[in-house]
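Structures are listed in the sections that come next.
The following pair of complexes shares a single chain, chain A, combined with chain B in the former and chain C in the latter.
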Partner chain A sequence: MMQEIILQNLPALLLAVPMLGAFATPLIGRAGGGARNLWTVAVMLATLAIAIVLTAQVLSSGTVVYTFGAGAADLTVPADSGGIPVRIIFTVDAMGAFMTLSASIVGLGVMLYSLSSASRSTGQNGYYALLLLLVVGILGMVCTGDMFNFFVFLEINSLAGAALVAYRVDKGVAVEGGLKYAVLSTLGGLLVLFAIALLYGQYDALNIAVLASRIQFTPLDQIALVMLLVALAMKAGAVPMHFWTPDAYSMAPSAITALLVVASQASLYGVFRVVFTLYGLTLNYVTIGWIIIILGVLSMFVGVTMAIPQKDVKRLMAYHAVSQTGYMLLGVGVGLAVLGNPQLLDSYGVIAMEGGIFHIINHAMYKGLLFLTAGAIFYRTGTRNLNQLGGLGHSMKWTMVFFIIGALAIAGIPPFNGFASKLMIYESVFLFNPLLAIIAMVVSILTLASFVKVFHSIFMGPRLPEYAEVREAPTPMLIGMGLLSLLVVLFGIFPQEVVDILITPAASALIDQGGYIASVLGGA
Partner chain B sequence: MNMSKIVREAANLLFPFILVFGFYIVLHGHLTPGGGFQGGAVIATGFVLLFVAYSYPQITERIGVGALHNTETLGLLLFIVTALIALGFGVTFFTNWMLDIGPILNNPVAFGPNPGDLNTAGVIPVMNIAVGIEVLGALSVIVLYMMSGTKETI
Partner chain C sequence: MFFNLPFIVAALLVILGIITMLIKRNLIKMIMGLSLVEAGVNLLLVSLGYRAGGIAPIFTNAPAGVMVMPTVQAMTLTNIVIGIATTALLLSFVMVIYRMYGTANANKVRKLRG
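On to the complex of A and B.
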């Protein structure tokens, strides 16, 4: 009975469990820090379990739809509504399921890591509640099949994120980063809202499937597309709208930064969902595809060149995050540019998209890992300045190992996961346009150069007198980092399995606009 | 620092009326314009009026920050639990399960102009109340926190 209820309500529970967890956290926090930590970790474990079961369900039996407030989950179109789905509907296809999995894995790592990293701060009840709400925002964005609902979760994501960026006040600097993030997110949110209003005004619907089946690509739709792309690409941190990322990423507590990476990927998912599912073939896919490719190339190149001169290790990693986002945009942009040509799509378009999508989960793992190692170093030494750090390889061996794994993965060195997805992108993009592939490779080399420098200045050299007291990071931190690095290595050793099980269904779900519409509106 | 006696007395006098008006908006959320959020905001203005009229230490003596936090949490939990109970009846999240079970909040809605019946609409009034107490707690806490940062002059 219980099991049946859970299995029938997976998409709702995916949101309801962390939400209930977030709301109850302040109350349970009254009982003491230990009880609260246990509770939040249990909630996050339950969320991850639900995400895994949901993903398995989606992969075995196709897109899962969930209608809120209806007699049954698959009752998308009420009998007396004239064929219009009036209720809020979650449409979890393989792409969405893939994103929920990626987000909840990083969420668990971050939660474990936070047990130590936040243990010296005040106001931890609020911290964990907001952390869980941020997870809710991310999961909601990638599950929802309703434009307005997407906006609501985007706002939850932005508000929780901004509050968490400013969590460690740090003489007001973090508050500045948080305010910047909040203002820009609100601006982006308003653009999204306005675009949704334009679509709603024309097609009398908010459901993505209904909108997709009716969309005409009128001038108003084009304006809506531009606003959606600009706002979501900004939230994803793509150049030239990347300027908030260094401030927000470097000032947030490291655990939060790792989750912010996933939060920005949820916006990236929004970009893909809008262009592939909402607009699909109606838009001028060659032009839009090239726009996304150019955004990607700019992000890759500007991100990495800005990263090289940075002195602050987290700021440096933030610019690398911008740079890596470029790979995802490049891969999926190439897929979009050949969307209308089945032959080219088969020969390299799909591979490019798979590479881009694979890079999303890889990036979430290794970039999360790198931010967590930076946080561990900051936790023990109290500085993020590369010029002051040094010789930590003597005392923080495990952190060093995890850093090496993350750094080699981000630079695309085999056998780590970054190599697997980057190789797919190089090979397919080379067939599309050799110049783009060469730029991508050069950026990878620059990334490696930059991380060699970071590695050298943090870990190498003689033991410095001011860090003589520094010890290895606490165990919960190591477990959090270990979880992510294990996945980095596993995904790197068995890329083909991951691609077959998770990535290929996700890419084909993204291309299959008709399937998405049919899953909500039936037959068609 | 207290405001003058006139302000304090006026605040004392107005406070119960603001509360009643706020709860009226919350409880009639499913019948008239307004609802949980609006009513909660009105109630919070009543609290803010008291905060302005009295000094911060005096206020925190009578109204604890912890109590307001609890109110907030209680509202949120009531909301999500009401939505979750629906799963137990074999329907989906957020379904109006009260309409199917009991005599409470279950009258059929009259058609055409009518004086309005509070005993309708199932879980909607419950969720309005939940949002109402959540908002009154949260807004009051926000103002109270901002007040704690102000410097007392004179």
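On to the complex of A and C.
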């Protein structure tokens, strides 16, 4: 009985559990730090379990639809509503399920890591509450099937993220980063709402499926599309709207940075959802596809060239995050550019999209891992400056191993997961336009060069006198990093299995606009 | 023309707010610009929801007539609440910055660069 109720309400529970957890955290924190830590980890484990079961359900029996407040969860269009879904509906298709899974895995790693990294700080109750709220924002964005609901979760995501960036005031510098992030994401959020208002004014609907079935691509729709794309690409950290990323990523506590990467990817998911599901074939897919490709190539190139001269290790990694986002945009952009041509779509478009989507989860894993290693180094040495660090390979062996795994994965070296997704992007993009594939490869080489430099300056060289006392990172940190690096290696060794199980359904769910509409409106 | 007036005003408010954010160097004034953008979006939402001759969807003692679905009004309320939370968070950031840096001028609040 209990089991049945849980299985029927998975999409609601996916959000309710971490949200309840977030608001109960300060109360439970009064009972003591140990109880609170136990509680937050338990909540995160439960969320991950729900995400796994939900993903399994979506993959085995197709898109899961959940109508809030209706008599039955699949009663999307009530009989007396005149054929309009009036309620808030969650539509979890394979793409959404994939994003939930990736977000909750990183969330768990971050939570375990925080047990140590935040243990010496004050205000931990608020920290964990905001962390869980950030997870709620991310999960909500990728599960919802309602435009306005998407905006609300986008705001939860932005506010919790900005508050966490500024959480360690750090003589005001962290607050400066947080302010920048908050102002830009709020402006972005308002642009999204403006676009939603334009769509609602024309089609009298907020549900994505209903909008998608009615959309005409009028001039107003084009304005709405531009607003949605600009705002969401800014939140995803694509060049030329990337300037907040290094500030926010470098000033946030390291565990939070790993989660902010996932938060940006939720916005990236928003971009894909808007162009593929909401507009689909009505928009001028060749032009929009090329715009996304150019954004991607610019992000790749500008990100990596800005990363090379950086002295602050987290700032450097933040620019690499911008650069890697470019790969996802490139892969999916190529898929969009050939969306109307089934032959080209079959020959390389789908593979390019799968590469881009596969890169999302891979990036979340290895970039999260890299930020966590940077955090462990900062935790033990108290500096992030590459010129001051050195010789840590003697004392922090495990951290060094994890760093090597992350660095090789981001540079696309086999047998790590970055190689698997980048290879799919290279092969398919080469068929589309050889020049783009060559740029992508050059960027990978530059990435490798940059990380060799970082590795050398942090870990190599003689043991420095000022770091004689430095020991290995504490065990919970190592478990958090170990969890992510295990996945990095597993995904790298068995890429075909991951692609078959998770990525191919996600890519086809994005392409299949009709299926998305039918899952909500039923029938045709 | 007159019918479109609320939409034009809403768009103007948004543009005015963005310009304010770009040209003002005081952080508080930049946040005021953000609030203007928000007001513009709210005005757009509310004016979309206006239907001439419609009545509010309150069933108790309702007069005869066509009821208006209050979706956009609900959206506006939600956005106002979100806006309050955002503004409070932003202003508290500015307070901390002022306490730490001794200024709220965006040209001087620049420790992060490169």
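Following the convention adopted for this analysis, the second predicted complex is superposed on the first by the 524 of 524 C-alpha atoms of A that agree within 3 Å, B and C clash if a C-alpha of one lies under 4 Å from a C-alpha of the other, contacts with A are read in each partner's own complex, and residues count from 1 in each chain.
Definition applied: contacts are C-beta pairs under 8 Å (C-beta built on N, C-alpha and C of every residue); 3 or more make two chains touch, one makes a residue touch a chain.
It should be emphasised that the depicted structure is a prediction, and the values quoted were computed from it without experimental measurement.
Visitor: Given the superposition on chain A, which partner contacts more residues in chain A: chain B or chain C?
Guide: Chain A has more residues touched by C than by the other partner.
Visitor: Go through the superposed model and pick first if A:Phe68 touches only chain B, second if only chain C, both, or neither.
Guide: first
Visitor: Considering only touches as defined above, state whether A:Gly201 meets chain B (first), chain C (second), both or neither.
Guide: Only chain C is touched by A:Gly201; chain B is not.
Visitor: A:Pro462 contacts which: chain B (first), chain C (second), both, neither?
Guide: The answer is neither, since A:Pro462 touches no partner chain.
Visitor: Look at A:Pro219 in the shared chain and tell me whether it touches chain B only, chain C only, both, or neither; answer first, second, both or neither.
Guide: Neither: A:Pro219 stays clear of chain B and chain C.
Visitor: Tell me which partner A:Ile5 touches in the superposition: chain B (first), chain C (second), both or neither.
Guide: first
Visitor: Which holds for A:Leu20: it touches chain B only (first), chain C only (second), both, or neither?
Guide: So A:Leu20 only meets chain B here.
Visitor: Inside the complex, what are the residues of chain A that reach chain B?
Guide: Within the complex, chain A touches chain B at residues 5, 9, 12-13, 16, 19-20, 23-24, 26-27, 66-73.
Visitor: For a test of understanding, state which residues of chain C touch chain A in their complex under the given definition.
Guide: 14, 18, 21, 27, 30-31, 34, 37-38, 40-41, 44-45, 48, 69, 71-72, 75, 78-79, 82, 85-86, 89-90, 93-94, 96-97, 99-101, 109, 111-112, 114
Visitor: Can you list the residues on chain A that touch chain C in the complex?
Guide: Counting only chain A, the residues touching chain C are 86, 148, 152, 155, 159, 162-163, 166, 169, 171-173, 175-180, 182-183, 186-187, 190, 193-194, 197, 200-201, 206, 246-247, 250-251, 310, 315.
Visitor: Over in the complex, which chain B residues touch chain A? Could you list them?
Guide: 69-70, 72-73, 76-77, 80-81, 83-84, 87-88, 90-96
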